[in-house]
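Look at the two complexes coming up: chain A is in both, with chain B in one and chain C in the other.
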Partner chain A sequence: MRNIKLFDSGEHKFILLNESEPGEESGIRSNQYLIVHEDSGVLLDPGGFGVMPSVLTELLRYIKTEQICAIILSHQDPDIVGGLSTWLELTDAPVYVSNIWMRFLPHYGIASMAQFVGVPDAGKQCTIAPGFQLQLVPAHFLHSEGQINVYDPLAKILFTGDIGAAMLPVDREYEFVDDFAAHLPFIEGFHRRYMVCNKAARLWVEAVSKLDIEILAPQHGPIYRGQSVPDFLNWFKELKCGVDLMTHSGHFAMGNWNE
Partner chain B sequence: MNSVKDTAAYPHHIEDLRIRLMNQLFSLLESQSRTRSFASSISTLVKRLHGKGLEEFERGLARIDDPLTVEMFRNAITDFRNLDLAFDKLVDERQRQWYKNGKYLKQVIDELTETTDYLASILVEKSLLERQSQVLENIILSHEKVSQWKEFVQEILAGFHKIFPFNFFFIAFAEEHGLSLYFYYMGEYKEEEKRQVRIQLGQKMLRQLNLPKDVLLDIEEYQIPGHLRTADLSDIRMLTVPVPDHAYGLDGLLGVAYASVNTLTAQERTIIRSLLSVMVMVVGSSKVLSRTLSELEYYSVHDPLTGIHNRRYFNEMLEYEVGRSSRHHHQFAVLLLDLDDFKEINDTYGHPLGDEVLKKIAESITSHLRKGDIATRMGGDEFAVILPETPPEGAKIAAESIRANLESLAFKSPNGKDFHVTTSVGIVSYPRDMQTVEDLMSGVDVALYQAKGLGKNEVCEFDAAAHLKQIMRDSRSVAEELRRALREERIQPYFQPIVDCKSGEIFAYESIARLLETDGRVTVAGQFIETIEKYGMGRELDRIMVRKVIEANRQIIHSQGKPKRLFINLSAQEIQGRGILGYAEELCAQLEVPPSSIVFEILERDAISDITHMGKFLTNLRKKGFAFALDDFGSGYNSFHYLRELRFEYVKIDGAFVRNILNSKIDRALVHNLSRLCQELDILTIGEFVESQEIFDLLKDMGINFGQGFHIGLPLNTL
Partner chain C sequence: MNHQTKTQFIAVASITSELTAVISISKEISLAAANAKAIAFRAGDKARGFQPITDFINDLAKEMIQNIEIINELATSLCRITIKEYRKTEAFNKFELITTTCGSAVHAHSMQKPLADAKAIVQNCQLQFKRDVALLMDHLDTVTQHAKTAGIIATYSRIEASQAGEYLQSLQTVSKSVDNAARKIHDHVQRCIIALSRFGSANK
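After this line comes the complex of A and B, so read on.
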């Protein structure tokens, strides 16, 4: 599946560039997004080493490499940052990442930190180009301690990183979540085990509920739109997960969701 | 690169190439970034250990007393320091190279994207072109199809759909009281879906054609069996081709649109657009031609002025009557009427009044006939009547009654005076006088001639005894005389100029055969060509003409340095014989006349009769450099397919149409459509019978390329 325009007003677009096939990355399927505003592009979570060629091949359909104005990393995981050093060969654009992960990045083979911009815990407003602003929204401990989300007010799309991520079985594939109840089995286990605690979830839901959101775009799996957006937020807000479920060291009360 | 391309914008092979090359470039990038990071840790390590070593040397030096050893160590330290500097230079240089390589790679990646964009825009897949021709091959314009144009359009769409599947097709026409939209649904759709299509796509088409959306709409819907079904009609792509300026001759056609849920590549879009343009042509032309055709059908057997039947119909009916009467042993008669001194009426009172008189005379003749008798106007002031199942006596009574009635008919001149018109009538009876169509016609001619000789306003029967021998002798002696003329090569090409309608300059000459009589008179082709063909002498005539024309061009090259373009007529016989190929080629080689200066004219009816062989024949000759013109185009109806099969460089539009374009709407539409058709097929057009400046100007406006006729230049015996 390639190139789904989630939003397109002509001058402003929000595109799912490349949902990498599991074969390309011998891990989990991940989504890479490109936001284009006139001649400026912002790449969200460029992906691991293996997916870079196909991501860039798709990206070049919309903009040139020199028009990449920013790269935003939702967190520090290898499926997000793995290919970064090669991206830095191509672009001088700033790379946004949580302050608390800055010091770990050199371990991905990154020689110079000159291009990196740390994002404070409370998030920040980014002006990419005139008329093109993105809001970096904190999403700590969901699952990463320093996760950030990206809100695009023109497209009304919130990029949620690992929140909302689904693990679809290999034989199932759909691009959008239109029936939340049917989708639930594919997210529940992951969220219970990987999200740190209900408090983090609840605070996040309360914060993002103030935004005008039409689409939730996670880093893995199908995209939430329409009724599935509030359905997901309501479910997540009440979810007991992570430390909430810890009974004693190494044991979780996962119910049916033991992996 | 601002514009966003669709996912399927690239054809597959270019997309594959792009991805493959991108992957290779990334491998380069990745290996560069890995090497760089590896090299930088190594150099950091080297620098650190090196510095540490030097320090220890310096410290050790303080403990050595031997001045010679101190000197040696000092030299070694200096060398190491220099090595250090060289190493820094190496590291700097490598950094610089890496930076440059990175920059180049980046450029290559961007340029690769631009190149694939460019390739995708110019390369057309062979299979796509093949699909295009499949669609085009299905579009065969024929008399029957054009007259049923609505069914014809559906048939074409079904063929189009098989090769480029689509969901809907739309055609918009401007009508007197608003707009007509034709909706074609490929396959079955629910009423609700159709409603959605009507509202959304109909409006979209109006928008794309720049038409007001609140206009009065008349919708016609057609369902064409097809297989393409879709769940989501909201994501329909529409390609619209508008008709630029309500082009003349397309009968109000405003545009067509193609709507499909399938994603199309840029190339497919281009090809489909070109097919849509052909559809515009076909639909518009078919619609206008179907109307013209029904008028033409009427006028093919009727005389436009008087409304009675014409010569063609007469010929057909005479032939029919001969066959029928011979089977049933009936008698019948033919009357031939020629008005006496009618030319004077035209000259004195003018043509309009003359025409009125002709109309009244036609009425008068028909009013005195029985049902089943056939009255026809043969042309000018000549009328003919077939009286089936009529013995000679009855024929004579009928002829006399027609003559007497005409004599009593009074006409008013513009100055209020009465005047009368009389007629001479010849009669021939079957089977008493003659038994074949040709003989009957010659016989009735003789009888009419005799009636005139008797002092006009007379009825005269054919007198076999007096004339039969004379007729036979005449016809045979003409053939004999022609044979002799050919043997003695008393055939002279005359050259009539063909001019470029735009520049007015002479473009070529048509060579026309004339016969030099022994007494020095010159006879034009029209007077002997029929006998030539009838007695099988066409091939000889063509050979003489081909040779003399090529020789004439030799002379021109000699005197003026370069050849002129000369058209030569080929007869049906010569085309069957095909011997002309070797002959013309040999002559050209021998006389050093370039074949490209020769254009052969072939009559439409001859070309049609043997299309397969004709195709090969033309191809062979074309390889030699000769070009071809299709003569008298329009006298029958053809098809795109047919014109494609037999590629002609030129088409000569039948003079019978050209001559009338100022007065006849039908002929004007016909010539204009033929011109458009030829333009579309990249064939140059020549209008014959250009008899006035007005005709010439109108031809030029219609886009006809060249003109020929008395107004432009008479045939002359020199070039």
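After this line comes the complex of A and C, so read on.
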């Protein structure tokens, strides 16, 4: 999946720039998004070390390198941050990341933290350029302790990081979730195991339900649109997961997923 | 990591390791000098010629330690330069790859400046590395000279010790330990010089 314009009003675009192939980093497929407003671009979760060239190659279709105005990291995992040191050789743009992950990022081979902006627990409003605002929405413990979502009010898209992430089999590929029930088998195990607890899920659903959302764009797998958006939120709000399912150390009521 | 970068890392790391040993041996020399001074004081007139030698050995050991501290700082700087060069080279390689693959992209030309900047920084790192290696070699030469001087002083001190009567054996032991230490330092420093010689010759 490459170059899918999730929103395009001419002056404002929200693009699924690239979905890395599993072979690119011998890992899982991950989505990298670009939001463009006139001459300003914001890159969401630029990806691991191996995918940097393909993400940048796609990005150059839309903006110049000097038009990258911000990079936003949803959380601290290597499939999101691993390629960042090379991006920082390319751009002086600020990099937004949760305050609680700032001290760990230098271990990704990042020479200086001067470009980093810590996002407080409650999230923040970011003015990228005149008329271009993004809302950094907290999504703590889902699955990262300091996860951040990005809400684009012009596109009405919520970038959800690992919330809603799917792990499709290698031979299955579809771009959008139009049938939530059919999609559920590909997200259920991941969410039960990688999300911390129902309380975190419920509080997040309550918070994002106040936003006007047409699309949920996760970091892995297909994109939720139409009826699948409320279907996912309703399912997630009731989900028992993580510590809710722990019976004793190392054991979960759901069984040991992914073994 | 390419072969050149690996070799640089190994060379710089081996210097730090060798120097740790040299500092420890220099401290031993300093201790031996203090010990010799106490013995010479007790020996009085019998070891009168030995007393100024002990001060000289002590000063030499201190100077050696100071030099090694400077060398250590330079070695740390070399390590940082190597890491920076490695990062910039990685970035340059990626940018170069992208310029060849993004030919049809509207904004492909915007890669030219980052590509040129990365290349300039890599070249600058390589120059700076060579300059610092040359500087470090000078300091290593100085330590080699100090080690040689310590060896000569050890010989003199053996002669002086021979006139120290009942203190002869104690003072000879001190002379021998200074001589051994000087040889060990010389060997360690030579290994540093060999490890670095392939990187600094252009500027020497």
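Criterion: the second predicted complex is superposed on the first by the 254 of 259 C-alpha atoms of A that agree within 3 Å, B and C clash if a C-alpha of one lies under 4 Å from a C-alpha of the other, contacts with A are read in each partner's own complex, and residues count from 1 in each chain.
Definition applied: a contact is a pair of C-beta atoms (placed from the backbone, for glycine too) under 8 Å apart; a residue touches a chain by one contact, two chains touch by 3 or more.
Quick caveat: nothing in here was measured; it's all calculated off a predicted structure.
On the superposed chain A, the positions of chain B and chain C overlap enough to count as a clash.
Using the contact criterion defined above for the overlaid structures, shared-chain residue A:131 touches neither chain B nor chain C, since it reaches no partner.
More residues of chain A are touched by B (comparison of chain B with chain C). In the superposition on chain A, A:111 makes contact with both chain B and chain C. In the superposition on chain A, contact is made by A:13 with chain B only, not with chain C. With both structures placed on the common chain, the touch criterion links A:120 to neither chain B nor chain C.
In the superposition on chain A, contact is made by A:86 with both chain B and chain C.
After overlaying the two complexes on the shared chain, residue contacts for A:57 are found with chain B and with chain C alike. Annotation: chain B segment clashing with chain C after superposition, chosen from 44-52, 260-268, 386-394 or 404-412, is 44-52.
Chain A residues in contact with chain B (one complex) as well as with chain C (other complex) are 52-53, 56-57, 60-66, 85-86, 89-90, 109, 111.
Of all residues in chain A, only 52-53, 56-57, 60-66, 85-86, 89-90, 109, 111 touch chain C in the complex they form. Within the complex formed with chain A, the chain B residues making contact are 1-2, 4-5, 7, 9, 18-19, 22-23, 26, 29-30, 32-34, 36-37, 40, 102, 105-106, 109-110, 113. Contacts from chain C toward chain A in the complex involve residues 84, 87-88, 90-91, 94-95, 97-98, 101-102, 105-108, 110-111, 113-114, 118.
The touching residues of chain A, when paired with chain B in their complex, are 2-3, 8, 13, 36, 38-39, 49, 52-54, 56-57, 60-66, 85-86, 88-90, 109-111.
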